[in-house]
Amino acid sequence: MAQPRKQNEALYFMRRNAKLQIGVVIVFLFIILALVGPLLTKYQPRDYVAPGAQPPSSEFWFGTTSFGEDVFTQFVYGLRSTFLVGIVGGGLGTLIGILIGFTAGYRGGIVDEVLNMLTNIVLVVPSLVVLLIVAAYLEVRGLVFESVYIALFSWPWAARAIRAQTFSLRSRDFVDLGRLSGMKPLKIIFTEIAPNMMSYLLLTFILQFGGAILTAATLDFIGLGPTEGMSLGLMMNNATTYSAIMLHMWWWFIPPGLAITAIVGSLYITNVGLDEVFNPKLREM
Amino acid sequence: MRRYFGRKLLIYAITFVLAVTVDWAIPRFMPGNPVEILIARAGLKAESAKLIYSYYMKAFGLNVPIWRQYLNFWIALFHGDLGVSLWLFPQPVMKIIKQAVPYDILLLLPAILLSWLAGNKFGAYAARSKWLDNTISPLAYILQATPYMWLGMLLAWLCGVRLHLLPFSGAYSNAMMPSFSWSFVWSLLQHWILPFASLFIVQFGGWAIGMRNMIIYELEADYSHYLEALGAPRKLVRSYAFHNALLPQITGLALQLGAIVGGALATEIVFSYPGIGFLILQAIQNHDYFLLQGSCLFIIIGVLLANFLIDLAYVLVDPRTRVGMQGEG
Amino acid sequence: MSLQVKDLTVYYQTLRGEVHALESTTFGIADGEIMGLAGESGCGKTTLGQSLIFLHPPMKLIKGGVTLDNKQLPIGNMERMNNFRFKKVSIIPQYAMNAMNPTRKIGKMVADLLKSRNVDFKSLLPELKRRLDLVKLSYDVLDMYPIELSGGMKQRMVMVLSTMLNPSLLIADEITSALDVSSQKAVSEMLVQFRDRGYCKSVIVITHDISVLYQIADTILIMYAGQLAEKAPTDVIVHSSQHPYTKMLISTLPEVGVRYVDKQLAGIPGGPPLLLKPPVGCRFRERCPLAFEKCLEKPPFVETEKGHFVACWKAGA
Amino acid sequence: MSRAGRQVPEEMLTLDGVSKVYRVGTFGGKSLVAVNDVSFNVGDSEVVSLIGESGSGKTTIGKMILHLTSISSGAIRFNGVDVSRLNGGARKEYYRHVQGVFQDPFSSYNPIFKADRIFRTIREEFFPKIDSHEWNEKIDSSMRAVGLNPDEVLNKFPHQLSGGQLQRFLIARALLLDVQFLVADEIISMLDASTRVGVLNLLAELKSRGLSILFITHDLSLGYYISQKSVILYRGCVVEMGPTEQVYHHPLHPYTKMLMACVPRLGMKWECGEIEVTNPKVKQPDLSSGCAYYDRCPVAGNKRDCSTSPSLVEVEPGHFVACWRQTKQES
């Protein structure tokens, strides 16, 4: 049902936009690695597979840790949890942002004031620090739990942006016309307003996705990540704790950080590319 | 003006109260006797455990009504009493934090301010030419995506371990005692460079990107076109655009503080830099909930205060807020 | 002739191709002439105005030249044109309400701008104040920020600022369209006074509202789809125009005194052609009741009577 | 408060002392009066033009009639039924009879959908059970009624159609329903001169077929062309209303007189007087006391005379004016 001219135009620019293509390709490579990686290794992340501290070799592609674990195995499992946190945390953050943003933007008035205040409050709280307090007390923490509480603090960015968009769309006459056609508010939001914001919501999700990955990495690194399983942040935590830097074991801490930087960086660049595709004003730059 | 600040203060006040309440409530509303759980987890010797137990039973005051416990908590907070550390028992948490704070200021203040200034300058340059834009902008995006701790580890490994250029652990040489001697200051500076650099570089990327996007927007604004149509030199148009693009960057600084502090915590851990971040790591590893709680509260207060200062600064630089406020008042 | 435009052709570069927004326009404006430039949206009137002072991408100069006071204007050259902007040619833009830097006091902005053009603000200040008096603004505005002014006040401030250096040519782009009728009258009359006092020599008033032009313009130039249709003294355009488009356009205008029940006005059927691939010949051909084979050829813009130019094969006949 | 409300008998649409107060500032700390005690009515098959400059509250009145914004005080009655009480199904029924068309044709269409989606919405909401054949006939007849060729305009995106076509399309949408009353809010002010008259004529034609229209405009000449009755608004207050001919040719309120003198006309030059400008320092004056036009009024008496807001008084049959000058002369 989307506009053919617009769609063609978007496709045309997508094909010409190098930023978008590079970003998407890199993210996809990592997704594929996360999916098939664990199939390429016969070990589990915490298995003792060889004498410790071996540099990369044909057998252990990324070398081994001080405890003889296979870094590649840890890496690919870590990638999986990274994407999981990104999707669940970023997705949930976007969803909360959408709910609050749509409600505040569409209803306006006092509802908007209250929600706006709530948004501002969560926005100024140093979220990581509050997460620390909560996480430190919990004995068992799962990956999904981590994603959820990251989302609970990351939504304000999404909500603010979506509220502003909704607000400007709401004042357009077609929304009033929808009301004159007897449409209910929810129907108006989802059939009139939301379709106009699809590209915008996608951009928001990508930013939330990247943000969730970075926050999770920091949490994991501080030692407040999931108590079970493997993650890229945890690998860096282990590497620091067991002096990988002093011991010249660069293969232990470079892959996880590089992967995060590459994934999040590509997401950001994809975002810029998409923005240029959707927003004609930026194309000429 | 009063209305504007009233509103801001209200938000800060609510945030503060909420944070303190969460801080207070979490141990109390978890199942079981919080004191027992906390002490059991800390894994102390039986003797000291008993001492601590009696201290904290009193401190928690579990025998008084819940509202009274809450009130007592607030009273203690206003007396600067954040309890006693388990890890360094019987040192008060407040005292431990006070020792750490100077290092945080030493690290964070220059990193935040300098990266903000430099990032904005470079972002404005980037918007100036296609060539710069194509080199600086992608780099800035990648920097923005770099986890602080990873950059820290890279720098520590490259500059510290491989090249032996700089020390990468602690705030000063182990062989020294803090003093006002040149050699101590020199050691302090050397230890400061790498953690500072990792904070600076990552933030720099974010600010540069922000400024680039803002200034392009401002250069397309009507007032810029008007000036150009009247033949004003590029320099004037750009300086107006830069000034106006800087305003949202100030607000951005306030909003980013929380994230920056989070990054600083991770960086301090990498470099064993004895700021609050390092304390937090110790607290977590030693299950010292009181130290953790105290440090976190301290950071929250710090961030809220900094936010408020930035708001004040914003009013000074953006006349629209002042004028709008007069009209409203 | 103060301004002489010769064969000026400006296209917009878009992704779909070149939009032929302004095609071979040739006309002149005398010293002290207020020329109204009217036409429907998309007819190229704003493009023409912009081309004369600030021809920037995506606009592209295809051919043609402009002379002002017998000097060639380098309109296609951003840098060289700077010497003429503000001093010789100036503009009151369509977006006058947003034309001032929102974070700088108005007086400071004026000073910045003048200084950047090597004009001493201090020595101009008394003159500036005189002109503020004329547009009924108090001197306090110099010490205010733009948001402290109402829309009409900003408009008048920009009028004063744009004409500060007494340009030979002033382009006033849709300056009355966003205003209420009372301010509309005031601003229009001020513009005439500016001309009378020599704050600007000649003026091009771009608008879609011919009834405003009737009040203030000496001549009116009608454009259609990127081409000139007719130029003549105001009364001639309104009462005895020769181009069928002008005639029809004037006859569609309702005015106080005309009622549906007494006299039904008729619109012009159809719509203007797309300028991406404009039709050959006269661009009004499709909608013109008088069109015949010859209209496949572009009619020249010729003087049929003194000061009356028409681009129509049937004109004068 | 107003005497006018009670003086005129109930007609199809009646506004009775309608006000709109906006709450602005933090948690509605301040109030802003957009519409102040407005009463007038629109009869069967009548075109009433509501004339005012920006900020006069004319659009707000249209939105209140269309139930798009709430009424702060007073009542709007349609065929005797209080509109503000309508909810749910009753409100939908109301929309069967009362519809609106707005100023910006491009903003009235959702840009990512085809223009005829506005028909589909009507079908979904109002005619869920109609069969396709019948529906298509209905569309055909209403398209013909507004002078559109279905083949030319159906199945197109909004940007592929002209402003005039889009506005006709919207009128056709209203005609699909059993519409008796149309709020036309500046519907031709964004159209080009060559197409606007066509739409204007269409409205007049629909009026002669029995439709009542509230024609909201800032353009005096358009109001004169089409309406039987004119209501002049200034800062949310009705300052003058009456039969169009009388209001235009014998304006009584100084504001109306000023409007008539300032409107640019072809073939009639402005009289040259002192240039009058307003430099408002305060945007919204305090309406609770005094005449809203006091600060600009050339004939205002001493402060005491005009210090209470004048109410509308009938000076000749059907012609009302709210000015102390007029009332004083009467008494």
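First chain written, first letter: the chains are A, B, C and D, and each begins at residue 1.
Quick note on the criterion: a residue touches a chain if its C-beta (ideal position, glycine included) is under 8 Å from a C-beta of that chain, and two chains touch if they have at least 3 such contacts.
Only a predicted model underlies this, so the values are computations on that prediction, with no experimental measurement involved.
**Q** Which chain is the middle one, judged by CA centres?
**A** That would be chain A.
**Q** For the chain pairs C-D and A-D, which is connected through the larger number of C-beta pairs in contact?
**A** Contact tally favours C-D.
**Q** Could you tell me which chain lies farthest from chain C when each chain's centre is the average position of its Cα atoms?
**A** Relative to chain C, the chain with the farthest C-alpha centre is B.
**Q** Just how far, in Å, is the C-alpha centre of chain C from the one of chain A?
**A** Centres of chain A and chain C (C-alpha means) sit 52 Å apart.
**Q** Taking the mean of the C-alpha atoms as each chain's centre, how many Å separate chain A from chain D?
**A** Here the centre of chain D sits 50 Å away from the centre of chain A.
**Q** Roughly how far is chain C from chain D, going centre to centre by Cα mean, in whole Å?
**A** About 32 Å, centre to centre.
**Q** Calculate how many whole Å lie between the centre of chain B and the centre of chain D, each centre taken as the average of the chain's C-alpha atoms.
**A** Roughly 56 Å, centre to centre.
**Q** In their complex, what parts of chain A are in touch with chain B?
**A** Against chain B, the touching part of chain A is residues 19, 117, 120-121, 123-130, 132-134, 136-137, 210, 214-215, 217-218, 221-224, 233, 236, 239-240, 245-246, 248, 250, 253-254, 256-258, 260-261, 263-265, 267-269, 272, 281-282, 285.
**Q** Going by the contact rule set out above, which residues of chain D touch chain A in the complex?
**A** Result: residues 23, 26-28, 63, 66, 68, 91-92, 95, 99-100, 102-104, 107-113, 118, 121-122, 125-126, 157, 159, 170 of chain D touch chain A.
**Q** Quick one: in the complex, what on chain B touches chain A?
**A** Interface residues on the chain B side: 10-12, 14-15, 18-19, 22-23, 26-27, 30, 133, 137-138, 141-142, 144-151, 153-154, 156-157, 160-161, 168, 216, 220, 254-255, 257-259, 261-263, 265-266, 269-270, 280-281, 283-285, 289, 292-293, 296, 299-300, 303-304, 307.
**Q** For a test of understanding, state which residues of chain B touch chain C in their complex under the given definition.
**A** 221-223, 225-233, 235-236, 240, 243-244, 247, 317-320, 323-324
**Q** Where on chain C does chain B make contact in their complex?
**A** These residues of chain C touch chain B: 53-54, 56, 81-87, 90-91, 93, 95, 98-105, 112-113, 116-117, 145, 147-148, 158, 162.
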